[in-house]
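Here it is: the structure, laid out below.
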């Protein structure tokens, strides 16, 4: 049987975590020819609170769509980080937005820290593209989908007026992740 | 109160209203989105209740399901959060079983008028002593923005992407036709006027319906290109309405497309629990201890 | 010469007498054949004792109103039939999750939809358990005589108060409209359980407090406790929770408070089951035909026996299983196309043959029909 | 909770940080432009101008601002 | 490089795509989490093809409207979740007795009552069979993947037309909101069954004619046939009857047209059941966990096998019974407190142990939970 | 037509209206009790339909449950007898799926206004092209005589043995407030006026509501000591009403306690199927063949 | 069905026995007292007086009487 | 085990057949100290059509409340007579209102014929007491309850203003049945 790669995107409602999951799953399944499924969970109001989006990528039919042992996780808020880090597997990847996450969880996995929101605001002037920057970083760190696929997937999901902005955000993500070292 | 805003440099030290007797400890922040008008409406209600001087335990707040219907969870009264559309049916049972409770129903345009429309008209018909506050934000907020029976034609919602073709109810007209004996319209923007109306509604004996123009910036606002929560209040609640008092002195063209604010109808008519008490007497019964 | 203690009355009348005996002070309903007499009688009787009779705009409003009234401290009742019962399902679920005692009577008629409104059936018995969405507790009583309607209505109120849950009294048009002379007990003669109210300080009151399986007292609104009730999953204090653990526990708790007490809630009549070689499991009107048949067979020396559940939900698994161990076959006569039959099949675990005798032409099952089937196993 | 100085006769404006959702309503409707949104948080920009009219409090949906 | 034939979409979106593929031209509904996306998508798509999207005042109106539209000749759909599904029960029964094809989607959330609206569950599966009063036919499909939601929605319309009955598509919030890349077949690629319309003279048309079990064609109103439809028991001509024999036959007929065709309507996936020594019976989202678990166990050499019903009602009695004969135990993982579990227990007839794995905390059942249980039997 | 009655010895030979084209063969006698007004109402409807000259297949008659709701079973159109209170919901689906059908809903005061109240107001709100005939006999006839939302205070019914305390709806006022564009009142007694109103209602494009005062001698009559069916028609329908036309010229005291007959409201407003057709056009769709 | 004689110019009044329920409405509202209830059946008592005004037909709830 | 006596009262809706059943059952159970149960069935409208009321009298608990083998039956209309005569047992009693029932069914039981409605109308001036006359007759013919019990039961069910009338009707029933001979 084939492989099963599990990812989790977590943050607070409104940070685009679900969209991030959708984009990477679409990149994998539509543009990279793999199998992928994306699912999520949220509070009773379907607004606000900690939110998470999970993506499974595989080369065969995906049975169980939820994370069992996570290969890579993104945490954009402290609350989400605390609540959702438990299932990261040994040697897995945790990328945190250091703008928000101050207490770094301890675990048997690699933690990458980067001020994603700050960069989004200061360098791109739009905090809402923080999720796209993170996508670039996660892809660069994990190589789970191709640059080409993720770019196509991002561009197919954003309104025309924001194409350039998102392209730039993705590139920033790729670049900054390239030299990033895990905390030790 | 509105006028205070224009008086400059009036620096006497007023004491801000203290909500702590009415808000349940530890329940804030509430779940409502930034800029949601529901919180403003709630605050007006609490001040109105305070004015009555009656103890909290005299009040029951009953709601259905919706963002607006979350109101009871935050406040320190007898509170009941029920089923979508059914608040008035629960409230009717409660009121009849305990006629001394002042029952206030906090409901939304969807809760009261879509799925709950039947209980709405029948409560009005009976003239049962209940205050019905319709938090009218022209949309189903809780389910993320479908059009409601008060959404205006042409407006965008998740189920009216081409522009809504459903005509809206006039809540006040309906309430009056169905038999409510106190009918008024207020807005979140006109918080002071609303407080006064709510006070009168509470003091009224009979069904009191208040159509409260309110805003959902997250959906209605975003879909219909309002710039902000304040922008919605400005355009819909302030510019979109005129008070009954002013209306008389305004030229017709200034009234066009505007909704009237204030008490629109207020009449005495036998109230249901009182009539029921008479029935009990007639039957030879008496309320047991 | 007249028997003073006995009154000749209809099943539906016995139901309202039972409610009054149990202390019911609130009725809300919407007329529907063949249950309407319950409402009609209470509309005369309740005002005489200061109780409330409300004719609501529909059945949805009716079930909601009785829940509201119950929160106002009144024991409350509604009565309906199939179509109305279908409409009450959402409200019933609210009473389950919010744990508000109330009693719902369903006088079964022939369905689905409008069907044959004046014809009897037993075809809502599975609906009475599964009709509302989500996992929920079910307590459903199935009296079989006019006298028993009285008793079981009292018991329904008692169970509702004991377990803080809605209780359904389920009988069919035949029993509802049948008349017999029944004995109305004096006050105090049979037990009436009153609602447990809190005695703690209001600040300390937790309307859903759990201490080893006991059921929290329920305050009435307007009596100083100012608590919160919601149909969302809630914690012990009654306020909504997003905590998945608490949600899971809350759901299990409301279901288990009934299931774990099944032995106390179940009540069966065993008729010649001791030495039975052929069993009949029947409830309500069909148990009358079955009893007749069993008697006839016993006269002929055939060892038939009847197990008659008076509580159909929770289902008497144990009693049925025991019977299944002992008999060659269990017959299940029902005025439907097979409902409790499936439960008997399940509870029998293949230990004996299980055979249904189904009838949906709105005529009671004739005892001979059962006799014929019994004979096949002799 | 942030609170502005109370020295002299200046108003004291309390903004409850854990409650303010940054909706900007108070600032927009403040008649004398006392308030200003910074990020997701309301702040006081010009205390001097405050007339203690309470409009900010009365229109705040979140019980998040008080003026004494 | 992109796979042109594949589209990445949500379960609820696949449902609306399936409906459109099947020729649905009418949707009426009332928003409710987590089913609302079906409505939202169809509100955009239907007008584009001249179809009708109506947002009704409530769920009762919604189900009635789709039945009305179906009588106008349109294939029609509504989608809802628990509370709305409870409200639709009476209307559902009307569609059963009047034999009007229509499709109802229930995206299950956590209940009872309001419960936890954004949380998944599988706790309406018994309600889907027994929710309305009276004996009635039930056809309920339980897809388990996004792709399958598409297929099963098409199949639901096909079954509705074939058997002139309402069909329910039942899946949970997880699958409804999950996204996967799915293949949308070209028109003609999978079968779409159109309604059989009468060809006889209007005077001769009997909308409920019975000739050896075949199902009568259904005319549309306004096309010359001027027939009568009622929720009362009716004769072949559609007019109400008091004839008890006809009433009984009518009720049996509508139930049997489904039960007798169960083999055609049932559809199971069998996964490693051939030589299985431990069986798992699971549907919908729990079958995903189960499959994962079975695969893991097979890797370890444990002979586990999964039976996955895609049609949950009529219940796959035969398949379960066959499995029960062969295995030591059947596990039934469900996101509820035991529903299909009881059916498996029944159908197994005591031939093997049956054990439920229940979870109602709104989190999917973890495969490890199933693995642990399987291990107990090895 | 009424006036014909007083002209004596006018012996020209008129041809009685032939109902046979509209009544289904073999379905008479209907189930209604002796003297029940429902049959008179039905006959007025059939004559009105005949006047339109449109073929039977153009009409669909939809009803809920109740004595009045039995109407469709007897008549030779597309007929649909549904669930208690839900006729309008079924009718809405049917009308939207087949906009060319003229949909007429025959319903009772209980069916339309008690359990069916919500669909009533929402159909009016949409102004969907449906004729709603409320056979208003002030009682639930089918279930043997409980009070209804139109029963007058003080009246006796099986659930109001001490005299009803529930206030009644004004059907016409409600219909108008909810948005109906044609609102009228007729009676069984004034069969000719009713026929004319029904004809106008059928020709109207939009929601048309007709409150038809009608009598249930078996329950309402018997409980409330009316001497006969004719007595009820005389007292309730004839003496209890006055036509809008006459009303203008009558002194106020003559109008007291009387209900107005005739067309009370008639306005053009966009009709729902027409609006929907525009929506389809906007979306780029077109009705398929 | 009973039908009155049609000789000369007299009206012909048809009463369908299988439909008439004897409610008496036609008789009460007949302006010239032509009709009379006998038991449960409507009958013609004074044909001469009939003006053919059709009121009996128009108010009969049961499709039970016609006048030609 | 004890005896089981089955009776059926049939006619059309509105003829008081259900009341007749109630009265005799009440006479048996309240005033004669026996067990009795009364049940009925009617059409979907709960008005009009053929209606029947059944009474079982016994000295022990009554299980099955419907007729299985009828000891005595009353038929007030032809329709009811045709529809419901099947279950009369051998040597049972069938009383018909000869005013209405013209075709007399053939069977192994005794048929008594009497113009009940005519007598009610002509001798008592009230057709509605026909059911009380029949009660008197049935009691006289079958002796299933005592005269005293049936009289008490009748009088407890009728409004005060009609006491005399009903008493008289009952007496007429007793008397006329006394000398009545079965048709042969």
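Lettered A, B, C, D, E, F, G and H in written order, each chain numbered from 1.
Heads up, the rule we're going with is that a residue touches a chain if its C-beta (ideal position, glycine included) is under 8 Å from a C-beta of that chain, and two chains touch if they have at least 3 such contacts.
All values reported here derive from a predicted model rather than from experimental measurement.
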Touching subunit F and also subunit G, the following chains: none
Residual chain groupings, excluding subunit B and keeping positions: A, C, E, F, G, H | D
Distance between the centres, which are taken as Cα means, of subunit H and subunit B, whole angstrom: 62
Length of the line joining the C-alpha centres of subunit B and subunit E, rounded to whole Å: 40
Subunit C-subunit H separation of Cα centroids, rounded to whole Å: 35
Centroid spacing, where centroids are CA-atom means, of subunit F and subunit H in whole angstrom: 43
Numbers and ranges of subunit B residues touching at least 2 other chains: 33, 65, 83, 114-115, 117-118, 122, 142-144, 149, 162, 166, 276, 279, 282-283
Multi-partner residues of subunit E (each touching 2 or more other chains): 33, 44, 47, 57-58, 60, 83, 90, 94, 113-114, 116-117, 119, 230-232, 240, 242, 363
Residues within subunit A bordering two or more other chains: 43-46
Subunit C residues touching subunit B - in the complex, by the definition given at the top: 25-26, 28, 44, 46-52, 54, 56-58, 60-62, 64-74, 76, 90-91, 94, 220-232, 239-240
List of subunit E residues in touch with subunit C within their complex: 60, 82-83, 85-87, 89-90, 93-94, 96-98, 108, 110-117, 119, 121, 123-124, 126-127, 129-136, 230-233, 242, 244-245, 247-249, 251-252, 255, 336-337, 339, 342-343, 345-346, 348-351, 359-363
Footprint of subunit F on subunit C - complex, ascending: 30-33, 36, 39-40, 43-44, 47, 53, 55, 57-59, 83, 113-114
Of subunit D, residues touching subunit B in the complex: 9, 11, 18-19, 21-25, 28-29, 31-32, 40, 50-55, 57-63, 66-68
Of all residues in subunit B, those that touch subunit F in their complex: 114-118, 121-122, 125-127, 149, 162-163, 165-170, 173-174, 176-179, 269-270, 272, 275-276, 278-279, 282-283
